[in-house]
Amino acid sequence: MIMSKTLYVINPNSNTDVTAGIDAALDPLRSADAPRIECVTLAEGPRGIQTQDDVDRAAVLVRRFAEEHRQQAAGFVTACFSDPGLHSIREIPDVLSLGISECGVLTAMTMGLRLGVIAILDISIPRHLRTWAAMGVQDRVVGELAIGRTVAELADSEATLEAMIRTGKALRDTHRADVLVMGCAGMAPYRQRLQDAVGLPVVEPTQAAVSMALGRLRLGW
Amino acid sequence: MIMSKTLYVINPNSNTDVTAGIDAALDPLRSADAPRIECVTLAEGPRGIQTQDDVDRAAVLVRRFAEEHRQQAAGFVTACFSDPGLHSIREIPDVLSLGISECGVLTAMTMGLRLGVIAILDISIPRHLRTWAAMGVQDRVVGELAIGRTVAELADSEATLEAMIRTGKALRDTHRADVLVMGCAGMAPYRQRLQDAVGLPVVEPTQAAVSMALGRLRLGW
Amino acid sequence: MIMSKTLYVINPNSNTDVTAGIDAALDPLRSADAPRIECVTLAEGPRGIQTQDDVDRAAVLVRRFAEEHRQQAAGFVTACFSDPGLHSIREIPDVLSLGISECGVLTAMTMGLRLGVIAILDISIPRHLRTWAAMGVQDRVVGELAIGRTVAELADSEATLEAMIRTGKALRDTHRADVLVMGCAGMAPYRQRLQDAVGLPVVEPTQAAVSMALGRLRLGW
Amino acid sequence: MIMSKTLYVINPNSNTDVTAGIDAALDPLRSADAPRIECVTLAEGPRGIQTQDDVDRAAVLVRRFAEEHRQQAAGFVTACFSDPGLHSIREIPDVLSLGISECGVLTAMTMGLRLGVIAILDISIPRHLRTWAAMGVQDRVVGELAIGRTVAELADSEATLEAMIRTGKALRDTHRADVLVMGCAGMAPYRQRLQDAVGLPVVEPTQAAVSMALGRLRLGW
Amino acid sequence: MIMSKTLYVINPNSNTDVTAGIDAALDPLRSADAPRIECVTLAEGPRGIQTQDDVDRAAVLVRRFAEEHRQQAAGFVTACFSDPGLHSIREIPDVLSLGISECGVLTAMTMGLRLGVIAILDISIPRHLRTWAAMGVQDRVVGELAIGRTVAELADSEATLEAMIRTGKALRDTHRADVLVMGCAGMAPYRQRLQDAVGLPVVEPTQAAVSMALGRLRLGW
Amino acid sequence: MIMSKTLYVINPNSNTDVTAGIDAALDPLRSADAPRIECVTLAEGPRGIQTQDDVDRAAVLVRRFAEEHRQQAAGFVTACFSDPGLHSIREIPDVLSLGISECGVLTAMTMGLRLGVIAILDISIPRHLRTWAAMGVQDRVVGELAIGRTVAELADSEATLEAMIRTGKALRDTHRADVLVMGCAGMAPYRQRLQDAVGLPVVEPTQAAVSMALGRLRLGW
């Protein structure tokens, strides 16, 4: 029965390019005998999710989407590293709900002892640190650093990759991280090159969350 | 200059009776030489704040209120024990913003070692526990228990007080709490009787937060 | 290329019935487009893994198995709740290695805030508690209790299920767990009935670990 | 009735200049409708409180002062960043007792996530670190550094301010603090300039503690 | 050279019976080729050390004793479970200083995972809990309970032993302790019987501290 | 009776030079009235213990040695900083079993607040960090750094000492350690010179563990 339903991966910002990137990154997880994966854009969402207000607004929209699509949904993954709406959807009974920051960190915990997180902007870091503490995993995250590029600047992909590599090396050398987590939903195309350049395993969080969701759906729990 | 401004205490639910109760509870803190305290009701807010969705919706409204009243505001206190919008308002530069759950717990930390929190509903407890952990004070909160009464049932004040006393005694005897925090904005009328009946100091969180806000305003930092 | 390789699920005790049970429990995870899953029994392993010496001996055997099967292996899952050999295999370069206790707990962290673990024997509990602390997740595990049945007694499946339900209810009511983890590799047949009887989500750790392994294999990282 | 009583702010060293500085710093908190604030010097106290022996001796004196002035006291604030006698006074029934290191840190926890503490001397830092851990807030204090000036050298106020600014910037840049706590009772005159120079909010702990005391006194709990 | 010096074990209360009991308990540690052990009573000390004020006063006396006996001292052990003066003596250069609560807990950490502490009076428990947290071992101490007998009542040794056994069993059964620490300096005569009755290893903290001191003295570091 | 038995100090690697060095380092702890100390080499052990597989193999051998020598043993100390077999021996009833990493760290906790650990190789550090966390003392270990020399290179003792001093100074200056622990069994000859050069107390862990063992044996518990 679950096969006839859809796993929704919700990009809570309104940027359809980001959604397309997420969609492509999930191709390896698609399978004839698994629920279909549909990546959706919340048109009313903010252009990018940077501030706490962006997160709070997105949470309301994500929750509303989940309520509206609950009948046909196998489950929901929130594809934003601030996991907007995650705990809200979880209060709907019998709904599978996973967040990419949560699953990205949990997956990284199987790949290294000391996690380094690469954020986009400094403003998000205290918010993320509160999340690691709320999850009770603060002792595993040895550092989080931002690449310090605005949404506009992210369009320059080579410079973005370079900034990620520089940040990843700082986490490796100064914070002694032995695994990295990409702190953003739309960075899958950089994962392999970042990993190669820094020499540490790198977790792409949307892929991590969708993997965990599909496992749960196959198992039926 | 601060004297000509207003400290807004925001009740993010739409229940004006709750706002009136909060307003009365703050009378002892009013002073001729301190900023005036104005308690406001968010008419668009949910009737009560129980679910995570209630909190997320309230956060957006609280933030909007803060933006709209920023010019005349000396500061903002969110008078809901889930502190909706707290971190969002804090991202507005130069705005004093305190939350009642945060200040209630911090104040209790000066009155006892082992904090017990009295919640209204069980559904809020995991959300609160995540907050204590995000604050880094989880080792100080030895227990949180709900009185288990719906919003409607709260109207019966004697039964509510009895449930609070019973819950406070459980926290004292089973969890070995030596100070209690009332996990709700509108319970000030019960504070003294609860304290007398249980024999432990009791923190009323809205009073605690407004006290800390007024100190900051007098000091100008 | 990964498709031509095998994900080995290693039962480090010598009990082939346990291996058969694990094998059956993994059927929902098998797919035409995923690496084949092979459950193996370590014939030289102890009859059951109960003591620390059992774990240390199993660790050596698991490691040896991994070295011998490395060429054809897509990865290894150690199907024993003490994760023998896990960190040893991880020191072999470029080998995917997951443990069921680690993945069981990490998966449960997405399904509830307060984890309760159901162990078989009391002697394992301090060992497990050290593992939760070493993982840095000790604040999430609110209790671990043993059903207190010997390996021989586990054969009586109705009595075993009853003991699990009784233990799960104790974790729910006394420790306030809101999600349960089965602290043993071979208990999948009880998962649904345990969940129904206790009313909390229940994680079967071998299924959880194999799910996470398959996701990683599909993604190629 | 509380209005006829006095809030004693106890400088436990014998330096009356320090007491005068504290007294001036509390002016903004004085009000016609609040208990009067009296800053007292313990003539028998050490010249400065630097060693653990200084702290232990001061604790005995502070306690004796509290016992002797209990009848006319609205409460006591110990104005030394090692909070001598704090827990001792708290064992006197029905006596309000707050410490400046405790309240300084708790107040800072509402103003930033990552606290940096500026100590005077290195010898005090392990003592302070034990206090943060005893309070259960060690994860919030990301660093404590000393300005490294002797009591005699503190007299050169420009050089002292410079050292504070240099230390504050190190906490900001190396430890990533986003709020600073002045780890000394007599540094209020530097607060605003330190804050301006470093660009982070700065907590003056005696002001923080007296604010919290006055709130409690107004509320009568 | 160390052989010509004395290891002072300081009973900071004025009760010479307690000192005599400590002295007898240390006999097994005396050796022809180790520094002599001398147990001293501080005549000016309080009759018993129960309150924080008792601790603070004792700290000053212990420190003074150490200063006065420094030349002939091989080292100092403070034989009171609140370790008065411990950190103060440690600030005297090149002086070995150990405390019985610290060493009792550290020794117990090699004998079991979950420590239960048996206190004499409830009033001491928050003080002890702050110490475990300041030591950073709070996660190892699963409970501390008081036998609830006054100093006068301790004279009835059978009733005291009974109360200790009852408390030890509560720590074992309710808190799941697997090792016990006697939270008092003068209880060595009960150690074996308590251990036999409860069935858990029991640490006598003065013996533990003197053992660690003698090892250090033999090694010369 | 204990006097007629032997305290076995087990070097679990096959290097008899290391055993001889350990043996010499224990001379100051030998006494006519204490159990004799015998240092043994496990001939089947790995040449050096570096990998997790080395540790797991050694654990099995250490346990077997303990079983075979149990009758004549007063107790066992595992003289390898990964404490192989420690928890396994502890499951044998009535057998004293101490590990050098555990006792080294616990002893250091009485000599400074912030522990720095000097490892031989980087590969061991995550394993050690998991141990500190499993012990619940992770907040006390502020850093662990490796000298980065292979077993072969350790033969050059002057270069090894220099590397230790350099590493110790880094722990002191960058991590603010105030006590050092030597993270290896065979480094006693360097202890004093390391301490003198770095200016911090240095714990030699085998000496620390044997001291604690002898105290326990003298006391009979």
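General observations
We just call them A, B, C, D, E and F in the order they show up, numbering each chain from 1.
Everything below uses one rule, namely that a residue touches a chain if its C-beta (ideal position, glycine included) is under 8 Å from a C-beta of that chain, and two chains touch if they have at least 3 such contacts.
If you're wondering where the values come from, they're calculated on a predicted model, not measured in any experiment.
Among the remaining chains, those touching subunit B as well as subunit E are C, D.
Summary of the copy comparison: rotating subunit B onto subunit F for the best CA superposition needs 180 degrees, to the nearest 5.
The geometric centre of subunit E is 26 Å away from that of subunit F, both derived from CA atoms. Between the Cα centres of subunit C and subunit F there is a gap of 32 Å. Separating the centre of subunit C from that of subunit E, both taken as means of CA atoms, is a distance of 43 Å. Counting only residues that touch two or more partner chains, subunit A has 130, 133, 135-136, 138-139. Contacts between chains form some other arrangement here, matching none of path, ring, star or all-to-all. Interchain contacts (touch definition given at top) occur between A-B, A-C, A-D, A-F, B-C, B-D, B-E, C-E, C-F, D-E, D-F, E-F. Residue ranges on subunit F touching subunit E, taken from their complex, read 28-29, 31-34, 98-99, 102-103, 106-107, 109-110, 135-140, 191-192, 195, 201-202, 204, 207-208, 210-212, 214-216, 218-221.
Across the complex, subunit E meets subunit C through its residues 112-114, 139, 178.
Within the complex, the subunit A residues that touch subunit D are 126, 129-130, 133, 138. The part of subunit A that touches subunit B in the complex is made up of residues 51-53, 56-57, 59-60, 63, 84-85, 87-88, 90-91, 123, 127, 130-131, 133-136.
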